[in-house]
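Next come two complexes, and both contain chain A; in the first it sits with chain B, in the second with chain C.
Now for the complex of A and B:
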């Protein structure tokens, strides 16, 4: 029987390995709760913005489902939509074409969105930086555990960060590496502890928000571009009505029954 | 435990879909009693969000089953929990519905302040304009609906209401326009095809009544209206094979004997399209007759045919 490369003090387990894991789980839970509290409440959407989106949706529906119309109805609506989409009747904000382009950084809507993003990022980075500093300060260079299974050399970089021993068996794990393993691998533990319900609800909310295009929001396209594009799409539409030959279709479908009558 | 989850999900689905609005009275009473029992026995095990969603459902069911006092109790529970949230449209909506139900319409209206950003409440304002002593006078209501649809161009329920209102006062072309607007957004709602067909039929009746001479172009115009009506009924049938109203609609149109006789004269005169129309009518009449006999009860037939005898 070969002697092991290193003999680890069992106390390392109780005073380093478990504390790091425990602190990480705890901070993770705290963070997710704090993020939840920091989330902005639902904001009332301005009716004009909603009107703009709904009109665009209506135009898009016309483009997709115009088969339900007769030829005459189609022509009427086509004219109406191209004319209205090219006017500014349904714009939420009518911009003065002669005015200087607004500075996007002074836009309050933009600021809100940036603030929310910043909040999320801050909640992610600050706790992680603190824990990493803590691990680095107290347990720098610690080898804290030996994995119970063999690994190839490729894992050396991942598992032995912070200790300069090129010949040490890959199965030994350093403290800072254990921190990283925890950082990326604790997600299932969190979802187990918090229950999947909250996460599922967040997902639902996100999906609902995507139902209508994000017009005029930060990073989104401006309404006039979208309206113009839709108007062009409608202009080149060709019409095929579902009512063309519908009687023949139905009679053919029931041909057998008709013969029996 | 599994059973509790099934029952809970069932109730939550009813609450979120709003399908209780279409329940008939026995169903309402059944669900009202069941929900009451369920909340008593398993209310403690529910998550807060689910519990209050179910309270909201209980509020509606209580009002619909005329249990005003119970509705008030439930509303108070909701107000105790969320009452400090002055901005909540959902709470204001419930409060105003309760006030309306106990007959205090003025207070119910006052509660809804006219902030145009509060779309749900704006919708409710539209509903209030419907309450007119004289039922035939729906001018205000139509005007408000038009205004609302200018703000919310893809509110399907508002389009449908507007369609029905126009139909009531005989503006069938406008009614058809409104119903088509719904079909543009969802092209598989077969009852709406039926509504479109019905309104074409009404338009036919209206114009036939005003017909003074039997000129060829006038008759052809009327025939085209009937073809549109028939096509819409046929489309409803294409989507849902066993749709009683659709079959009755086709049967009614194909059985317009006096008008068909007039067309026959034209077809004898050599008009090809009229001849084709009459031939198709014959086959469709046979087919729809057998279908109606097959699965439309006499009672059902009577109630559907009433809609056609406007």
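Now for the complex of A and C:
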């Protein structure tokens, strides 16, 4: 293309480009700190509910790792777990089988979960909308930069809003497109600024908490169903110790070295 | 080795390894963007520059941080190191590229 370059005022970068980036970085940091502060601390759980979960976890652990037990130990535990899982000894709430199923919308735990979800969404969207409106209102109506790569004409509507020049090359864009580029591109900047160590620790904690199955919580299955299923799983377990046939396996593993000797 | 040996990974460690890789790629994509802007590369050349740069970074990560044995640190090493980071880091690169390109162009 032999069209001459559009001459852009060098002052634009100090008064438009850098302020938008600066504001977006600051708002992002503010938002992440605010969500951290607004996060409710871990709630104290009722001991019976916790006991129910942990007993189920214990049964699952037995099911997965039964190979380390001897035959006798295995039989003892199998008997104990099937009997206990089928009784209601570890249930958090012993429900009346004739009662109507509770309406999930009136359940206070459900409401809490919904509230938290709504809070997270609001914290995500409101700042973005405000910044977008601010950029649109404050820096409207002029070309601020030339993109280093060509785009198709389809982007003209979106990226050149407020510029009434129908034949202008799409590479010249208005402030809103710089906003979009920032919106998608600032993630590495945030993660470098905030330091991922704290974030990593937070993630680990969350993972550990999620490891316990969600029984009786919003959307979770009922305890008696899970207990029955686990009892059935344990019922059909056949014992296979890791020491079965260990001599053959060791000999097989080191057969080549033995031959060499 | 008997056939029923399987490698057991500890998920939090895998997660930490991924975060370290991500951090290296974050820095690389921003630095590549700055470099691309300073050189005022345009359109396809810029993306080729990015592709070469990020692959080089991944290669260095592979030899320096994983000691050439990525399967010890990642469950799906080839895909996780070379493919996933390639596309996730494009926006960061494009942002720095646009910014520095605009700054360099405006003052020349």
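The criterion applied here is as follows: the second predicted complex is superposed on the first by the 195 of 261 C-alpha atoms of A that agree within 3 Å, B and C clash if a C-alpha of one lies under 4 Å from a C-alpha of the other, contacts with A are read in each partner's own complex, and residues count from 1 in each chain.
The criterion applied here is as follows: a residue touches a chain if its C-beta (ideal position, glycine included) is under 8 Å from a C-beta of that chain, and two chains touch if they have at least 3 such contacts.
This one's a predicted model, so the numbers in the text were calculated from it and none came from an experiment.
In the overlay built on the shared chain, the residue A:147 is in contact with chain C alone; chain B does not reach it. In the superposition on chain A, contact of A:188 is made with chain C only, not with chain B. Contact with neither chain B nor chain C is seen for A:71 once the two complexes are overlaid on the shared chain.
Of the two partner chains placed around the shared chain by superposition, neither chain B nor chain C is touched by A:228.
When the two structures are aligned on the shared chain, A:45 is found in touch with chain B, with no touch to chain C. Once chain A of one complex is fitted onto chain A of the other, the partner contacts of A:249 extend to both chain B and chain C. After overlaying the two complexes on the shared chain, residue contacts for A:57 are found with chain B alone; chain C is out of touch. Chain A uses residues 249, 253 to touch chain B in one structure and chain C in the other.
On the chain C side of its complex with chain A, the touching residues are 1-2, 11-12, 15-16, 19, 22-23, 25-27, 29-30, 36-37, 40-44, 46-47, 89, 91-99, 101-103, 105-107. Chain contact summary for the complex, chain A toward chain C: residues 8-10, 12-13, 17, 21, 144-150, 178, 181-182, 184-189, 191-192, 196, 200, 203-204, 207, 249, 252-253.
Touching chain A in their complex are the following residues of chain B: 47, 49, 87, 116-119, 122, 150-155, 177, 180-181, 183-187, 228, 230-232, 234-235, 237-238, 280, 283-284, 286-287, 290. Chain A meets chain B in the complex at residues 44-47, 50-51, 54-55, 57-58, 61-62, 65-70, 73, 90, 197, 201, 242-243, 246-247, 249-251, 253-254, 257-258, 261.
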